[in-house]
Amino acid sequence: MGRMSPPDGDIAVFLHCLQAVCGELLANEAELSALDRAIGDGDHGANLCRAAHALLEAADDLSSLPLPKALERAGMLVVTSVGGASGPLYGTMLMALGRAWPQDATAGAVADVLEQAMEAVGRRGRSTVGEKTMLDVLVPAARAFRESVASGSLGAALQAMVDAADSGLAATRPMRATKGRAAYVGERSIGHLDPGAASARLCLRAVARVLCESGSKELRS
Amino acid sequence: MGRMSPPDGDIAVFLHCLQAVCGELLANEAELSALDRAIGDGDHGANLCRAAHALLEAADDLSSLPLPKALERAGMLVVTSVGGASGPLYGTMLMALGRAWPQDATAGAVADVLEQAMEAVGRRGRSTVGEKTMLDVLVPAARAFRESVASGSLGAALQAMVDAADSGLAATRPMRATKGRAAYVGERSIGHLDPGAASARLCLRAVARVLCESGSKELRS
Amino acid sequence: MSKFLNEPRDAVVEGLRGFARCHADEVVLNERPRFVRRRNPNRNKVGVISGGGSGHEPLHAGYVGFGMLDAAVPGEVFSSPSPDQILAAAQAVAGSPGVLFIVKNYSGDVMNFEMAAEMFDGETRRVLVEDDVAVENSTYTVGRRGVAGTLVVEKIAGAAAEQGADLETCARLAEEAIARTRTMGVALGGCRVPTADRPNLEMAPGEMELGVGIHGEPGRRRVPLQKADAIVSELLDAVLQDLGTPGDEPVLLFVNGFGGTPLMELYLLYDAACRILDERKVKICRSLVGNYVTSLEMPGASVTLTRMSDPMLTLWDAPVRTPGLRWGG
Amino acid sequence: MSKFLNEPRDAVVEGLRGFARCHADEVVLNERPRFVRRRNPNRNKVGVISGGGSGHEPLHAGYVGFGMLDAAVPGEVFSSPSPDQILAAAQAVAGSPGVLFIVKNYSGDVMNFEMAAEMFDGETRRVLVEDDVAVENSTYTVGRRGVAGTLVVEKIAGAAAEQGADLETCARLAEEAIARTRTMGVALGGCRVPTADRPNLEMAPGEMELGVGIHGEPGRRRVPLQKADAIVSELLDAVLQDLGTPGDEPVLLFVNGFGGTPLMELYLLYDAACRILDERKVKICRSLVGNYVTSLEMPGASVTLTRMSDPMLTLWDAPVRTPGLRWGG
């Protein structure tokens, strides 16, 4: 397996991913907020839409940067535009990706960096898988990607990532939250999907779709 | 025509009247407040029920007084228990009745005093007939009583009073209020009965019924 | 509109007990007859007394204290106090310089204060606050309602009395404040009196009542909700039209919440009012924003302008130490 | 729950503009990044900074001023501010003695303040307010929510900083205030965020939500409305059980309105709380009643108790001059 995209195509792919992710977030604002209303404070959709607007506005600027810098800057934009809990978490993820982005961005190297980025999110949130948060999607998805990339095609790895995100989201439903606002409603968080897990899945699916298309691979939907 | 009741019966009849009036007010609290809600502040029923409670509580004390004093004291009780606009008005009426109560309480003498009492109410309120207030019931009712008493039986006079109260109340509906809170809603007061006129009619009817019964006269209902 | 109550009819007295206990260093509650007075009345100055229906807190009891009222007389919710209460309050705080009654112009209040003044053995003056421009009664047989502007009158007259002005002067300054003050309000919903089972003003979502009074009474008209700037512009139009363009004289701008509107929105209205007045070249010299003259939990607000003369400015700025208003040395 | 708005997303900044203009003698608003600071910061003392989601006004910006905060950092409604805002506020007011961040314990606030502290070039300390006993999370992996008790912590720490205490001492006193403060709240209805089209808490009439937070989040349980005395008794039970019986130590009793409950009812709740504490021989040494830590227009209230040590009493009584809290010389 080689590079995930041609060297000078990096930033173009990144921009496509960015647009796809922002599009998904804007299209799903109401649903994300509704999930947050049930066990949180009802603003998750609005929070991420602020990020989406900020990122889309900055897209031109970002595209003039080398990819690692663009990732870091995007992370900072997420942090500054969101506030709330999801801002520092998604922002940390992007900044960690940017800081550790490999010189030679093979799929395997990217997979390692991706997993490290998810660990950084966990450190920022002092949280781990099983606490009914976005980590329940992010961590298994990154792991599935790394494991699958080692043994197969990029397309298969992306598919494994998306599948893991799906089941990670579903797994949050029966959980009792122990991190984030949902922890405060205790037992009453059981039976609801976690909003952050839902947005994480949306974003990962959008990225996988773009990468798959740009690599001309197919992705089961 | 002679005295309206035997000398030592005065206070007993007064007490009956008091109880009948208070009973009517307590029974019609909701209706009076509803009328007040439409063009005033919705408390007329509650205001008068406070008066009714205060009067019923003081009934024993009042019955130990000579009638004029009992009337004055009842007026003061109304004033102190109600507040609002109707308190000073009904209170002034009772106090004026007490202060001018005739030594020899013939129906004719009482009719004169009644009319004077209604004038005192108008002075207190700086108001006159036609302004959509309790005066639209009190003044024509007192006049009808005086005019009818001069020429006929007590029963007929009471009947005339009640009839005048009925049509006085009805007359307030098309009026535009120019006194009291209802004046502040201007045009929008048109089409509603005045709450004070409604309570005045209730009270007069209750008094007439008692006087009629105690005088063994009949009253059309 | 659920409420924190024990017996609904006890709401006023229980609220006053809590108020008096919380502010026991400053005020005293007399329960029968009911009034609130300063803990240490100064009988060498004019006694300034106001009162009216309850449900407008912190008005009036919240303004008892140094530099403002000597006593407040709370009636039942939205009902005038009775003469015996007013009389007892006057007797409790009045000294030789006499008593000034500040009365909101409602028949009930007018008559009850009048009866009290008739019974009181001492010099009294009465001023009637009637700042509400919403009332379009062209015949003006009853004048206008007294609403949020009452606070301005109480502050000005209270400061004058504190500085030793005589009864005549206090009354004249109060009259001047009244003549220079106009208010108009708008409600976005109703309020419920504790003893009632229905709200006073029933409104559908997306409606507003322009020119509402402070008892949830109907106002000028019921219209669809507009943007904040448009609402403020309409309120200021009505106020300025009646007040006359202040010319060079600066105004006090007072944005008053009725109780159920968040502070953020009151400041947003204030921001809009400032922008609009700036455009119209009206100079704002003093500001007050908050829930000062309320209608229980009613969502809504009023805008008050007072044209400030120099002596009024001095009196407005004079120190005041009450539970509801506090500034200066 | 109609609202006074222009563009819903501009509510926070328009509200802040109004606030800053109204209190221009005391505070300054920085729009980008957004924070509010004292007009004349004293860089020789510890800078005390707090912040969090908007919608709790007068918290936090209303407590910027002498004796309390040096700066406040308002996020969007019910959303934490971002690190760049917090950083800019710290840079604007901090002097050599360093900065104390007072943070309500919500993941978002904790993380955003943490990132700001990482970026800030100077000494910082952070305290987490977590006074809400409603959260029954036995594992306590996140601790509790910070609610009305935040005001107490801001007052105590702010007074200490004003008196020249060093960063370590300010942080220790804030921690002590946190350790001694407990709160529990109840809502009688919901509130609506300006940008949302539905309320955060939907309740039928006659219901109440016990243990509600200050964002209209669900609380302990939904039960039928009870009499005020019974409600207060339940709130105080929960608070006292967690705080421990104060013994001889007197308490500060703070009845806080969420924004939509009339002052009369807040004082009625305070009256009930006094009666119940008297019965239980808990001595009340200080009191505060009003809408200080709100949830937009939510009807409801919370009861906070703080066990007061002598030094805390002195700090509580120390002069404070802010738009939202003001007493002393």
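Per-chain residue numbering starts at 1, and chain names A, B, C and D are given in the order in which the chains are listed.
One rule holds for everything that comes next: a contact is a pair of C-beta atoms (placed from the backbone, for glycine too) under 8 Å apart; a residue touches a chain by one contact, two chains touch by 3 or more.
For clarity, every value in this text was computed on a predicted model and none was experimentally measured.
For this pair, chain B with chain D, the centres built from the Cα atoms lie 55 Å apart.
One simple way to say how far apart two chains are is to compare their mean CA positions; for chain A and chain B this gives 78 Å.
Chain B and chain C have Cα centroids lying 33 Å from one another.
Chain C and chain D have CA centres that are 29 Å apart.
Counting partner chains per residue, chain D shows two or more touched chains at no residue at all. Taken as a contact graph, with one node per protein chain and an edge wherever two chains touch, the assembly forms an open path, each chain linked only to its neighbours along a line.
Contacting chain pairs (ordered by label): A-D, B-C, C-D. Residues 33, 53, 75-85, 106-108, 111-112, 114-115, 135-137, 139, 141-142, 144-145, 193, 195-196, 198, 200, 213, 215-218 of chain C are the ones touching chain B in the complex.
Those residues of chain D that touch chain C in the complex are listed here as 1-6, 11-12, 14-19, 21-22, 54-55, 57-58, 62, 188-189, 205-208, 225, 227-229, 231, 259-272, 274, 287, 289, 291, 294, 296-297, 299, 301, 326-327, 329. Residues 33, 37, 39-43, 46-47, 50, 79-89, 124-125, 131, 178-181, 183-186, 188 of chain A are the ones touching chain D in the complex.
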